[in-house]
Structure formats: structure tokens, C-alpha cells
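By written order: A, B, C and D. Residues from 1 in each chain.
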Amino acid sequence: MGTLLEVRDLRTEFNSESGIVKAVDGVSYDLQEGETLGLVGESGCGKSVSALSLLRLIPNPPGRIVGGEVIFEGQDLMKLTERQMRSIRGNKIAMIFQEPMTSLNPVLTIGRQLTETVELHMGYSPEAAVRRSVELLEMVGIPDARSRLSNYPHQFSGGMRQRVMIAIALSCTPRLLLADEATTALDVTIQAQILELIKNLSTELGTAVIIITHNLGVVARYADRVNVMYAGKIIERGTADEIYETPRHPYTRGLLGSVPRLDVDREDRLASIEGMPPDLDRLPPGCSFVPRCPHADDHCRAEMPPLSSKDGTEHVYACWKGHEFGPLELVQTQA
Amino acid sequence: MQKYIARRVLLFIPTLLLASVLIFGILRILPGDVALAILGQEAVEGGGGYTETQIRELREELGLNDPLPIQYAKWAWSMVNGEFGGESIRSTEPLSSIIARRLPVTLQLTVYTVLLSIIVAVPLGVFSALYQDKWPDYVLRMGAILGQSMPNFWIALLLLLFMVTQIGWSPPLGYSNIWVDPFHHLQIMIWPALILAWRFSAYMTRITRSGMLEVLAQDYVRTAKAKGLGQQLVVRRHSLPNVLIPVITLGGLEVSTLLGGTVILENLFGIPGLGQAIVEAAVGRDFPVVQSLAMMLVFFMLGLNLVVDIAYSYVDPRVRYS
Amino acid sequence: MMMEEKSRYGGIANFSTRADPPLGWDPMRSGSISVLMPAGSIFGMGNMIRQCPDDGTAVCPGVATEWSSNDDRTSWTFTLRDDVYWHDGVKLTAADVKFWLDMAVFGVTVGENSRRPVSWNFARWVESVEAPDDLTVVINLKSAVFDFDQLLAVDNQIIAHPRHLMQPEIDAGNVNVSPLDVGLVALGPFYLEEYRPGSVAKMRRFDQYYKTDEDGNQLPYLDGIDFYITPDPSGMDTAFRTGRLDATARGSGFQLTPEREAAILSTLGTERVTILEMAQSSFWALAFNTLREGPLQDVRVRQAIHLWLDRPELVQVTFGGFGKMTGMFDPDTAWANPGLMETPGWNPATKDADRQQAKALLAEAGYPDGFDAEFMCRRLWGFVCEPLVGQLEDLGINIDLQLVDDATRAARTLEGSYDMVMSGPTLALPSQYGSITSSAGTSATADPKHNDAKVDDFFVRLASAGSVEERIEIAQEMERYVAVEQAYGAWLYTENTHTVVREYVKGIQVPIDNYRRNLDFATVWLDK
Amino acid sequence: MAIEATAGGQSAFDQLVQEARPKRTVAQNLKRFARRKPAGAVSAVVLILLALIALFAPVIATHDPIRDQVAAERLEAPSSSHFMGTDNLGRDVFSRVVYGARISLQVGFLAIGLGTVIGMIIGVLSGYLGGKLDLVVQRVVDVLMGFPFIILAMLLVVALGASLLNVGIALSVAIVPRVVRLSRSSTLSVKEEVYVLAAVTIGVSLLRMVLRHILPNTLGPVFVLATGALGGVIVAEAGLAFLGLGIPPPSPSWGGMLNIGARGYMEAAPWMVIFPGIALSAVVFTFALLGDALRDVLDPRLRRGDS
């Protein structure tokens, strides 16, 4: 299985009244064909912006991609012309979004929003496009697909609409699917169905998936590898098991600590991470987690730790003291 | 959806009645007496005096002495049964023929202005939305605001002055409807239509621009882009339908101020529309004409809003299939 | 008689009128220029007799050939022409003229709806009308009027009411039938081909018109006249300057100011434009209300104002010089008071002295530093009243200028709820006795308010004067009393009407005394 | 812990709401507005200048606009003694334009002030009380919106008589329906806000809540509406003057200086008509610019969401 995607030192900035916001501040990761990668972090850490940057969908103004390379199937997407980029969007790389209620055009039929993708990228004739659309709707589990083609988005439930979004995204059997908080707005039972659907279809079609979410449970269950993001940077990367058993970066440990666990009795208070996420336009020098890190010292304050691992394994982290932490005790009493 | 339309239509009738009471009322508080106005006007221009008895007789002749509710009832009934409120006191012409002659003129001018405005405003609105706060947006907005700042009769005067002194040509006289003599008609109507369209399209450009900005920020536009659609398709297929719906309703509402504008230009370009007649009648206290023409204008406007409302609900699937 | 080397016949003239003729084009209901301007070409001017085109005081034949009165001038007999036809081919008979006279003098009553008699001047003297045969009309008067023919011959007293078309309407109860209701069928040199209200009225040549020119050629010369309705003066000027119009309209607001005339000349040049100058034969005056408590009840205050007002400057500022100062009568006619224009108030030479005296009079009357006054003015005449405000304020009178529309003006004139009012243009002697009483007497509709019986007495003597010379003498005595001695008003000026026609428009009979005359345009031809 | 109304009348609950919102001083707001909307800032400055001119008209004007009527100096071209020349009655055009600024602003603010106040009262009441009153008010608003307001204004002027006050009242009709609709919808939206319902459930009177929270919601859009409409009112006065129904002479309103009589001098003395026209258009243009800039800033819908 070759490398499908290589992101090297991706930088995306926004200029707001109070200065330049470094939403994505030098992000690098790679993705193998058919692999499912997790991108997790609190809201505002830049995970959605990095996904949109891949497709160069950053609204300008106020945003701009200022650096980095995105090698996809041997091509650097950042060097492509807008026309070349358009032939990739929706065709080779597809994306689904968080809000099913507003992600579909209210005044166009579901059929129209399905057929237009295949007609555009695959050159289908209108009749072939309709047949393909019915196939797609059945593939995502929507009953009597043919008659539902002429319906409008407001006639579908949230879950059904997300299924349509998935049908649209997978209509041209893309090589990569970006799922940006795809299930966050759905209630739990529907969430599981949608995630199962994405998992089965991606393995069936050999599509690599990047799951972007703040929900650690989703990442644990569905992602092969996990990147934890904080303040525009990746601060820890490893397989799901490595991250969950021995989280190296204090932020990851804090995250895992704040998740209620079934196998732990419930009297203790949940540990929470102090303070608020930093203002991305006034980042302190050194490690940006310093203000909230109980273990921070002068070294952390002075210099930003690189993404590395003491023992050379794939499980890397951006923390000088990362190697000192052992596996996460299940019961952590707050001092 | 049918319930929505039925409710709108049912509301239309009371609104119309209310409008008629309002118009009838305003005219009754006009000081000075119609009979006097007519005799006074005649005396001044014709040179003849008038006597007390003549005033009383004329007042009787015009039915001014009946109690107000009866006058209102008579007028309302005659509006409905095709007499449209009797006849003009000053020109003795039956109102049905005045309206038959003048309403189409104002309608044609309004239609030209609205069409011109939409043809100009929608593309400009979209264009300036796509270039928000860049120089094209500013230039267009300045031009639009300029159009709204200068009194339209002043623009007309400057235009006429320019025509006479520089070109030696002016629009022909003797208005005729488009189905009678199209070339002659258009030579007259194009100028007031252009002037009115400048102001009206300025308004339409602004609401298209703000509508467009709002739609471009929607999630489904981002989805469209993510599907690889070019800007042209994103705007034409995905954004425009969502923008046109509010633009048409707001545009419908603003037609009333547009009608106000025609009042002033009709005189200058010799166009025998409703506006010209209402102004003459109001100053000359020819109240049957003022009442009936004002009523026709309100009927036309409320009718237009009703049609736009119903069209809106038909075009917007969210309402049609609710 | 050899035809002119260049035929005068043919062509359609593009004239202009300021508005749609009101009140169904009925000269009985409105003498406004808006009616007479387009209607004159269809109705023709006057009736059996009319004012002579070149001399308003003389009487010329209309549809009658001869007329005479009995010895004591209480009965007048008219002999009609036998070649006069209505536009629909029906011959004019004495019965038609009787129908017209009866309707004008006595009005019409059918059942409970009735038509008002017309306030024409001759009507007040008529006892009865007879039509003994098809070509003879006899008018019997209540008492002797030695110049009744002059009263009857006034140009806007027009036969425009065809009996054969109107009688059926009246019998059916439509007593207020107007010429427009019956298709404007009349006796004039042109007939109505098409009338599109608000845009144009097209008149075409009536071949059976009874009049000929001095060489016996059948009139009218033109094939037709298109009267374009131009409701805005600027719009009209523009059309004239680009050749769309051959003549500009008459009427207040539309006759030319020096500036607009200069603008037209600047485009077309003096060789392509002929300027027609006509008097308005009507006189503007500042009328005072002496019935209301206040300074104006004191004759010294009124005389002070009369002396203070600088008439030539007002003419210059208001009409750009297109006008002249006057008393109650046109100083260039026999009716003018000899030397009146040289007396204080008018005479520019004594203006400074007059103004000193005016200040003195005011102080003597107890108002050394002036007083407040409500000045009512018809809205359309705003441009006339503003200059007056300026001069009166210099005298120290604090003016509250109130521009009102016609209904309010008429109502407040009856109530007398003003201190001063802009009066005019009202026609003075000799042709309109009626308007005189309304312009200076004690009648409720008069602008100057006073209860001085002596003034009314003048009008009684005027009406029954034995000869023109006697009438002039009485008129001048009245002018000295009303305008100077009592100063019930300050008579100011008259505006002369300037309109323009293209150089190729020939044969317009310019009425020097009153622009509402000679509107039949029968003698007009196009030299192109 | 129960939230009681503290002595100062502002319940703790309100303070909580207040503190949550980031505090920005007025100066910061103005600086931010100027940077984001330069055109708006410039127009605001120009309008302040205009207000000063109107205020100090007697000082700035070189002649008395009404009484200085020198027949000899009639229709003189602009010169050192008469910056903008003289009109057909020999009056100084520059002084009349300066005083005209005062009159146009007076009629503008009178009409807008009146219209806004009346509109707000009716709008809030009908929104707050609802029921039959609301229905009737809505229908009247429909009629007024549907009515070409210049005709309505004209009828009112003809009915009341033409004076600065009456023209102001007549022109206030232009803005009343729009303000009623705006303030009514704000009242309705405030009434349905969750925090309002919450506050009511714990004893705070609905009327006080509606008034306390209606104003910030409505003032923004109403202020935008008013600025834009001010220009509209001044143009409308010119329209009425064209029909001979504007502020009556001899008071020098810009509209009046463009009316039928004056227009005859357009070629002989262009300065007499062009300068008032330019002054009028410039002021209306500036008001529209300010309104446009404010709309972009204050109108929440228009603020582009930062993704």
C-alpha cells in the first residue's frame, strides 16, 4: 500500500482585527492508501482549517495558505491551477461537513445535487447520472431511492441528509474522504450508523479517510492512526492503542483524563484541563501548552519541543518530558 | 401551502377596505371647499366672478352636502361597479375612461424601469458581492448611491439641457402607447425609464449584494465548491436561486417608491400617467380623481405584493411542500 | 384675383398648450387659456359678432352679417349668414343661436337637475331672445344699453353648443352636457380629428368654413394644427428649440421670461424665431383688507404702502422687464388717467421723496417701526409675491407670506382672513363689468375689502353711462378715488406676454390688448 | 442561588448578561468603524461639518438670504462679492445655500425624528400587545408601504398647508411604516428569546425586559434606516418643491431653489440652480454613504462568518 498523501509543514493564516491568526502552524503528516487517520483536538485548534486547506477552500479574505506542500498521488496540490484543483475536488478528494441541515442546497432536489457531481467529473449523460444516483442512494441505505430523487432536502431527517452527503461524496469513488465532524450534529444512535457506513464503504471502495473530530471515542474506534492537534500544531501522533495506553503529551493525557470511563467507578470528579485555549494571534514563545501544563518549566517556556520520540518508535510527541510519563493510571486523583 | 395563499388573499380584502377609508379620510380633511376651488379657479382665469348661490348650487350638484358615510358608501360602491368613482369635476371625464387611459401608461413606465433595473442590478449585485470591499464593489456602490442622491427631476433637467444644447434633439411629443406606435413610444419612455431605473437599480443592486453575501456564507455553497464546481456554476445554479427569492419580494415592496418617482417625471416628459393626473387633481381639489386614482395605485401595489408573495411561496420549495 | 406666387395653403402646424382643456372644453364654464387656446381653432372666436382681430374695442362680424338696435337701444336684431355649417354638415339656423343664448342667459332646468346660467357680462341685461325666421335673431333687453354689441362681441363668449346634438342630451337629463360630450362639433375653421388626452389634440381643415381672406380665398390656409399638451414649461422650451414645436403656449407660467427667451434665441438664433408681444390686459394689484382690525384700516398706512412700492423695479425683478407699471387701466389706451403715471407712487423720479413721505405717514399713523401683516398669495403666483415681500420688509412691515392653493384662497377671500392679498390678473374695463365689481367693489368675492358704498355707486354709473366718453370719465374718477385717495389697494403693473413662433409661421393676428383673443388661427400659414 | 433584582433596579441577571459581552470603549468602536469603513468615516465627518455650517449659518453667510434683495444686482455671475452669484431677485445664492443647509437638516431631522418615535411606539406596542391591535397595525403598515409615499406626503401638505413643520410631518410618513415593522419584529424576537422567558419566569416583568432588550436590538437597524432615510427625506422635499408643495418661499430651502420658477434660469444663470442642486445631492450622497457603511457594520446578517 503506497503513500496516498503527504502533508509537509502546512501553514494557513487569517488576518482579523486583532492581528494574524496562525490557524494551521506547520502541520505535517502522511496518509497511506485505504488508511483511516484521526485528527482530534478541541474546537479552534485548526483541524477543520487544515482539512479545508487540503482542498484550497480557504475563503480569501480573510484567510490565506502561506506555506507547505501537500503531495497527493505525486502532485503538490498547492502548485496546481484553480482549474486543475477543481478536477480533484469532489472527484479524487471528497469532503462531508458537520451540519447536515444546511449543507444541502434547500432549493435544489436531492437528485440534482447528486447528478451534477458525476456529470461534472465523470461525464455521465443525464440518464446515466440518474441511474448512478439511485445506486448511490441505495448504497448509503436510503429506501425507495428512485422516488426520493425528486424530493428536497427539507423533506429528509438529519441522519438521512448526512447519508445523502456521503452518497454525493462517494459518487466518483474518491481516493480520499475528509469527514469534518461528520457525526457531531447527529444524536448518538444515528452517529454509530453513519460511522459504520463510512467505514464499510471506505474499505469496500479502498478510499482513505481522515476523520476530523473532537470526540476521542470515535477516533479510538475507527482510526488506524491518530494525530492530536493543539493551537494549530500536531502535538502527538501514534496508533490508536499507543495513544490510549501511554499518552505522552500532557495535553493528550489531560484529554483522555477528562473522558468518563465505564470501567471506572463514578464518585471521583472528572479531571479537567485548566484555563482556556490560547489566542492564536498572541502565541507565547516555546511550547504553546505552557500556560495550562502542570509540568511546564523554563525549558518548555523557552523552546518549542519538536515532534519526536525518545525511543525512535512511530509514537511521536512534542514535549520535552514526554518520555517520563508512564501509562495513564485509570484513577487519577486531582491534587 | 394552500392555507398560506388563502390566508394572504383573505387579508387582501380588509387591507384594501382600510386603504379606501384612509384615502377617503385624508381628502375630507382638506381645507377649502371643492366648489370654491373650481369657481375660484374659473374666476381667476376666466375673469368672471361668482356668487354665493353659485357656490351652494355647485356644492349640491357635487353631492358635497350628504353626510360623510353616505358619500363614502356611494364612492365605494361606484368603485366596485365599474364607474370607478364617478367622474372628474374639472374635466367631466368619467373616471373609468381616465383610468383606462392613464393606468396602462404608468404600468408601462413601471415595467420598463423594473426590467431595466433587474437586468442591471442582479449581475452588478452578484459582481460586487464577489468583490466585496474591493475597488469594483466600491465603484458600483458609489454609482448606485449617486443615483439615489440626485433628485430625479434634476437629472432629467440636466439631461434635457444636454440634449438641446449639445445634440439638438429632444424626445418627441404626443405620447402614444407601445401597441399604437412602438418607435415613437419608446423614444419618449426610454428617458424617464433610464432615470428611474438608475435609482431603482441602485436599491436592487444593494439588496442583491447583501443577499448574495449572505448566501455565499452558507454551508451549501461550501459544499458546492467542495464538489469541484467552478465559481460560475456555484453562483448561477446554487447561489442565485436562493438570492432571487428575497430580492423579488423586497423589490416588489419598493415599487411603491418607484411609482412616486414617476409622478414627477411624467410632467417633464409629457407622459399622461396616473402620477400627473393625481398631482393636478390634488392641487385643484378634484377629489373624485384623487380618490379613485390613489385607490387604483394602492390596489395595483397591494395586488403586486400579493402576487409576489404567492410566487415566492411557489418558487421556494420549503414553503411549497410544507 | 391672381393667387399669391407662393401658395399659402397646406401644412400642419405643431402648436403647444399647457394642459388638457378643463370642464369638457366648455367656454361657458371656463374662459381659461387652457380651453381657448386649442378650442379657438374648432369653435372660432366670438358668436354672431366678435371683437375685431386688430382692435379689441371695435366690433366685427361673426356668423352674423348685419346687426342693429331699435331707437331706445332696448332691442337688438341680428341677420345671420346662410352659408354657415356645423362640422357635421348641419346648417346653422337662428334657432341654434337662440338655443345657445337661452342656455347662457337663463341656464337649463330639467326635472330637479339644473344648469347654471353663465356669468358672461351681456347676460345680465337680456330679457328674452326670439328667432322669427331661420336667419334673424332678436335680443330684447331689460333696459337700454347703448353699447350692448360691444358687450356681446367679447371673444371668449363663443357659440360651441350645437342644438341638434345637445338638445337630445338635455332632454335625457344631462343638463351639463359639454362640447366634449358631443364630439366638439362646432363652427370654427378646423374640426377635431383626434384627441388623446394628456398628449395631443389634432385639428384638421374644415372645408365648408364660411370665412375668406381679403382676397376672397377660402380660409383656413393650414391643413391642420396639432396641439401638443406640454404640462411643463422646460419640456415645452426644449421641444421648441429642437424643432418639435412651431409655437410656444400662452398662459401664466408658460409665457417667456427674458432668460428663457434668450436661451431659445441662443439655440435657434434671431432669424429663425419670431417673438410675439401681447398685453395681458389684466392688472396686478396688492389689495388691502380694511374690514380686519389693524393698521390697514388707517388710510395713511395704505397710502404709505402705495407711495413706497417701486413699480419699475418690481416689473424688472418679477418679469425681467417684460411688463409695465399701470393703474387700474392700461396707460397706453384711451382709458388711462392722464398723467397718473407721473403722480407719486408710480413716478420713478419722485421715488425717494415718495418713500420719505411714506415713512412719515407711517409714523404719523402711529407705526414708526412698522407692523406685522399676513400676506396671502396664490401658490402659482409665488414668483410674483416674493419680490413684493422684499420691498414691504424694507418699509418695516414684517410680512408673513402664505402661499395657498385656489380652494383655500377662494375660501379665505370670502372670510376676509388676511391683511393683504395679491390680486390679479383681473380684467379691468371696458369689456368685463362683472370683474370690476369683483376686483374693487364691496362684493364678498372682491379682493380689496371695504364697505365704501361710494365705490359701488361708481359701477352703477359706469353701467348706465350714455357714451364711451362718459364711461371713461367715470372710470377715471373712480380710479383716482379707489387707487389713490382711499388706496384700497396698490395697483402695480401688467405683464406683457411674450411667446415665440418659428420664422416660417406667418399670419398670426397678434392681439395687442388681450392674449386670449384671435385663437381661431384661420389666417395662419406656413412659409416653408 | 436566586437571582433578585438588586437595589439599583438592574437585576444580577442583567449584570451577568452585561459582563459576558466584551467591553469596548466608544473610541475603540469608532476607530474600528473608521478602519473598516473609510467611506463611512469620511461621510460622518462631512456631515458633522454640514451640521456646523447649518448651526453657524448667520456667521458664514455673507448676506441676509431673504431681505437682501438688490434688483440692480440681479442674476450676477459668481464673483468676490457673491461667491455663488445672485438669483433672479438679486439675492445672494451662497447665503441662501448656507441657510438652505439649516432648513434641509431641520426638515430632515424633524421628519425622521417624528417618524422614528411614532414608529417605535406603535411598533413596540403592536409587537408587545399582539392580537387585534397588531393585526390592524399590520394592515395599516401594508397600506402605507404599498402607497407611493410622495403622493401621500403631497396630500398631507395640500391638506395641512405648506410650512416647514407640515412638510416635516408629511415626510415623516415615509419612515413610520418601516420603523413600525422593524421595531415590531424586534419586539417579537425579543419576546421569544430564551433568556427573556427565563427572566420572566423568575419574576422580572416582561415589559421591562422587552424595553431593556428591545432598544439595543432595534436601535442598530433603526439608526441605519434613519441615516439612509434622512437623505431620502431631503430629496423628497425637493420633489414636493418641484410640484410647488415644498417649504414655501421666501425661505431658502434647497428644494425650493430648484422649483419650476427657478428652472427657467438654467441657462441664463446656471449658478442659481446648479449650486443648490449640487449641495442637495452632496448631502444626500453623504447620508447614503454613511447609511451604507453603518448597514455593513451593524447589520449582523452581513458580517462574513470567519470559518
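In this section, a residue touches a chain if its C-beta (ideal position, glycine included) is under 8 Å from a C-beta of that chain, and two chains touch if they have at least 3 such contacts.
The model shown is predicted, which means the values in this text are computed figures rather than measured ones.
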item: Of all other chains, the one whose Cα centre sits farthest from subunit C; value: A
item: Innermost chain, where centres are averages of C-alpha coordinates; value: B
item: Geometric centre distance via CA averages, subunit D-subunit C, whole Å; value: 47
item: CA centroid of subunit A to CA centroid of subunit B, Å; value: 54
item: Distance between chain centroids, defined by C-alpha means - subunit B, subunit C (Å); value: 39
item: Where subunit B and subunit D are represented by their mean Cα positions, the distance between them in whole Å; value: 23
item: Interface hub residues of subunit A, defined as touching at least two other chains; value: none
item: Touching two or more other chains - residue numbers and ranges from subunit C; value: 232, 234, 379, 405, 408
item: Multi-partner residues of subunit B (each touching 2 or more other chains); value: 30-31, 157, 161, 165, 222, 283
item: Subunit C residues within the subunit B interface of the complex; value: 14, 16, 19-24, 29-34, 113-114, 116, 118-120, 156, 176, 178, 180-181, 196-200, 226, 228-232, 234-235, 238-239, 241-242, 244-245, 267, 282, 378-379, 405-411, 413-414, 426-427, 432, 434-435, 437-438, 443-445
item: Of subunit B, residues touching subunit D in the complex; value: 11, 14-15, 18-19, 22, 26-27, 29-31, 132, 138, 141, 145-146, 148-151, 153-154, 157, 161, 165, 206, 210, 213-214, 217, 222, 253, 256-257, 259-261, 263-264, 275, 278-279, 282-283, 290, 294, 297-298, 301-302, 305
item: List of subunit D residues in touch with subunit B within their complex; value: 39, 136, 139-140, 142-143, 145-152, 154-156, 158-159, 161, 231-232, 235, 238-239, 242-245, 255, 258, 263, 266-267, 277, 280-282, 284-285, 288-289, 292, 295, 299, 301-302, 304-305, 307
item: Of all residues in subunit B, those that touch subunit C in their complex; value: 30-34, 36-37, 39-52, 54, 57-58, 61, 90-93, 98, 101-102, 105, 157, 160-161, 163-165, 168-170, 172-176, 267-272, 276-277, 280, 283-285
item: Partner subunit C, residues of subunit D touching it in the complex; value: 66-67, 69, 71, 74-75, 88-90, 158, 161-162, 244, 248-250, 260-261, 263-269
